[in-house]
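I have a structure I would like to understand better, so I am pasting it below and will then ask my questions one at a time.
Going in written order, the chains are labelled A, B and C, and every chain counts its residues from 1.
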Amino acid sequence: MTILTMIAKMSEGLGRTCAIFFLTLLFSLPLGMLVALLRMSKNRAVSTVTKVYISVLRGTPLMLQLLAVTYGPFYLFGLGVAREKLVPVIIAFALNYAAYFAEIYRGGIESIGRGQYEAAEVLGYSRYQCFLRIILPQVVKRILPSVTNEVVTLVKDTSMAFTVAYQEMFTIGKQIANSQTSFMPFVIAGVFYFLFNAAVAFVMGAFEKRLSYYR
Amino acid sequence: MSKLLEINHCRKRFDATRVLEDLSLSVEKGQVLSIIGPSGSGKTTLLRCATLLETMDGGDLIYLGNYAARDEGGTSVYAPPAELQRIRGMFGLVFQNFNLFPHYSVLKNVTEPPILVQHRNPAEVRDQAMALLEQMGLADKADAYPYQLSGGQQQRVSIARALALNPKILFFDEPTSALDPELTGEILRVIRKLAEEKMTMVIVTHEMMFARDVSDWVVFMNEGVIVEQGDPREVIDHPTQERTIQFLRRLQEK
Amino acid sequence: MMKKSLALLLALSLVLAASLALADTFKMGIDAEYPPFSYLDDNGEYAGFDVEMCKAVCEMNGWDLEIVPVNWDFKLNSLDSGEHDCVWSGMTILDSMKEAGYVLSFPYYDNTQVVLTKEGNGIATTADLAGKRVAVQLGTSGQELLENDQSALSATFEGGAAVTMENFNICGTELAAGSVDAVVIDLPVAQTLQKKFSGLVILDENLGSEQYGICFRSGDDALCAQVEEGIMKLVEDGTYLSLAEKYGLDPNVLCLLPKAE
């Protein structure tokens, strides 16, 4: 098998890798905000439950969570296992990443001084307007570097999906490596991830630059 | 003259500490009232209660006859949120630390509240904002961001921001305390000019000379109560109460 | 700086430990999830036909046995890097291994690739697999088979290829749960899975014959010969057969036994 054939075969799985990446961001970024707000709730029960959720998801391996979401229902309740693995994969990834994003958001929100809230309140902004117009834009700027870190990690984490037989790029790479007794597919995978992350760094850098007009 | 603001028998405590005790105060239209006193005397808390940033434990808070809070059996009962929101439109507050929105340009800091909160015509608000900035000597800074301005300039923007909402009364919480001494003058000039225009104002300040010159009425507070009040020249130049005399003497020594 | 020297020290001590251990330790690389050849038994000890054979060979040679569970996808990489001295774990001998220069022992077991399915899936022959979801363990000869000799068959599967799974447990789970319809798998492993999950059936069709052997690093011909010699002794003294019986392996596939005339 030539390197070009390997690249072509692995590219077939790249679509699935991208699906994990984009769908995880699509769901976990807003879900993380919800979790962060619940975590900061004045209701003790709500904030405690959320705290436990965050510490469990951050404190256990993603691989375990993938297995639990995919096969847990079968072993615990005798329910079926999803034929289309994208669904459990996205659920596990989104829940996991939401926990990480939630803590980043919380740190960002708590770093905004009380004065900003008070100024908005006295000027007559509703709580909703204050959060959306005054607090959130400043939070976004502050947390962008940490979010970039997580997004870069997510690119590499997509390869975890192999544990539940989701045929993404790295899984295909391993198949080829095996049947060809070759290390080349891993080199190709490395280059793929590197280029993917270079694109991520470029996009996030552009965001940061756009927000650098103020301090 | 009609009463613009009335505070009756205000009480406030933080945990076990009594901050304000049976404090009453009223401000009439066009009046400039200064509140002076040592730190920890409750001046800022009084201002925060008046601007609804803190809730009083007991007492009335009335703007132009509208009750924001009414004392019922020793407990302040606040009006529903919609009414409080309406009352918020009657006053403005200038903070010690300016609290400008750093992600907005100077102009947007001034124009967004009237457009968003009062649903006013954006073009008209813009014209008013530019006029206010002109008045503050900041017309050329309209497109700058707060971080590019000096403290004095930022404070002038925050005054413009408060004025853009056309408040009936403007509160100042130690407006020059966060500024370098050489920058306090420009803020005091702006406030003096507003006083000449008959803007109703309540100013918490440490600037005795300024309080004496600009205000019609001075209130000296200590440990949560009003110790002495009256004509500024009387209170500041000829205090009658022992605490006031001590405070003013200590201030002079510095 | 501190970190760097610490890492260096660690690396050095690893090398030292490795070279010391080499003296009389035989490191056996296994897939720890491959019953009945190599797996963790109920007591948490490594067990299986291959594991016990290896133990006996080591005893014979006076070696200490160290069992190294490996990532099956990377078994040849970890063999190359010296993490273990051989791969001995129901491993199918592939031509590509010989081409890559690895030293392979004689075959000690005849294996067949079969189709494991579930009752009621409506699969009686390989022809019934058309349009079905078929799984195979990543990195096994089953995968190799479907990509080469049986590629025409795998093209009929749902999605035009088999789904690769991380290990046979997951294959069995998905089959039992109904999220895959069939698994292409080594016969003895299929028989083990049958004991674990109820309602699984093996199709009476041989997808491909192959042989299990032991893989050594290139240049380790002497070590290979020594192990082969040990195995032959175990064949002669009957251990080979009795172990096969202990682990429920069909004696017909024990290719080292003298053929009954």
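To be clear about the criterion, a contact is a pair of C-beta atoms (placed from the backbone, for glycine too) under 8 Å apart; a residue touches a chain by one contact, two chains touch by 3 or more.
Bear in mind the structure is a predicted one, so any value in this text is a computation, not a measurement.
Within the contact network of the assembly, the step distance from chain A to chain B comes to 1. Closest to the middle of the protein, by Cα centroid, lies chain A. Put simply, the chain farthest from chain A by mean CA position is B. Chain B has its Cα centroid 46 Å from the Cα centroid of chain A. With centres defined as mean CA coordinates, chain C is found 36 Å away from chain A. Rounded to whole angstrom units, the spacing between the C-alpha centres of chain B and chain C is 81.
The touching residues of chain B, counted against chain A in their complex, run 51-53, 85, 88-89, 91-93, 95, 97, 99-103, 112-113, 116-118, 145-147, 161-162, 165.
Chain A meets chain C in the complex at residues 71, 74-75, 79-83, 162-165, 167, 171, 174-175, 177-181, 183.
For chain A in complex with chain B, the residues that touch the partner chain are 113, 115-116, 118-126, 129, 133-134, 137-138, 141, 213-215. Residues of chain C touching chain A in their complex: 73, 76-77, 94, 96-97, 99-100, 133, 135, 138-139, 143-144, 147-148, 163-166, 170, 173-174, 176-180.
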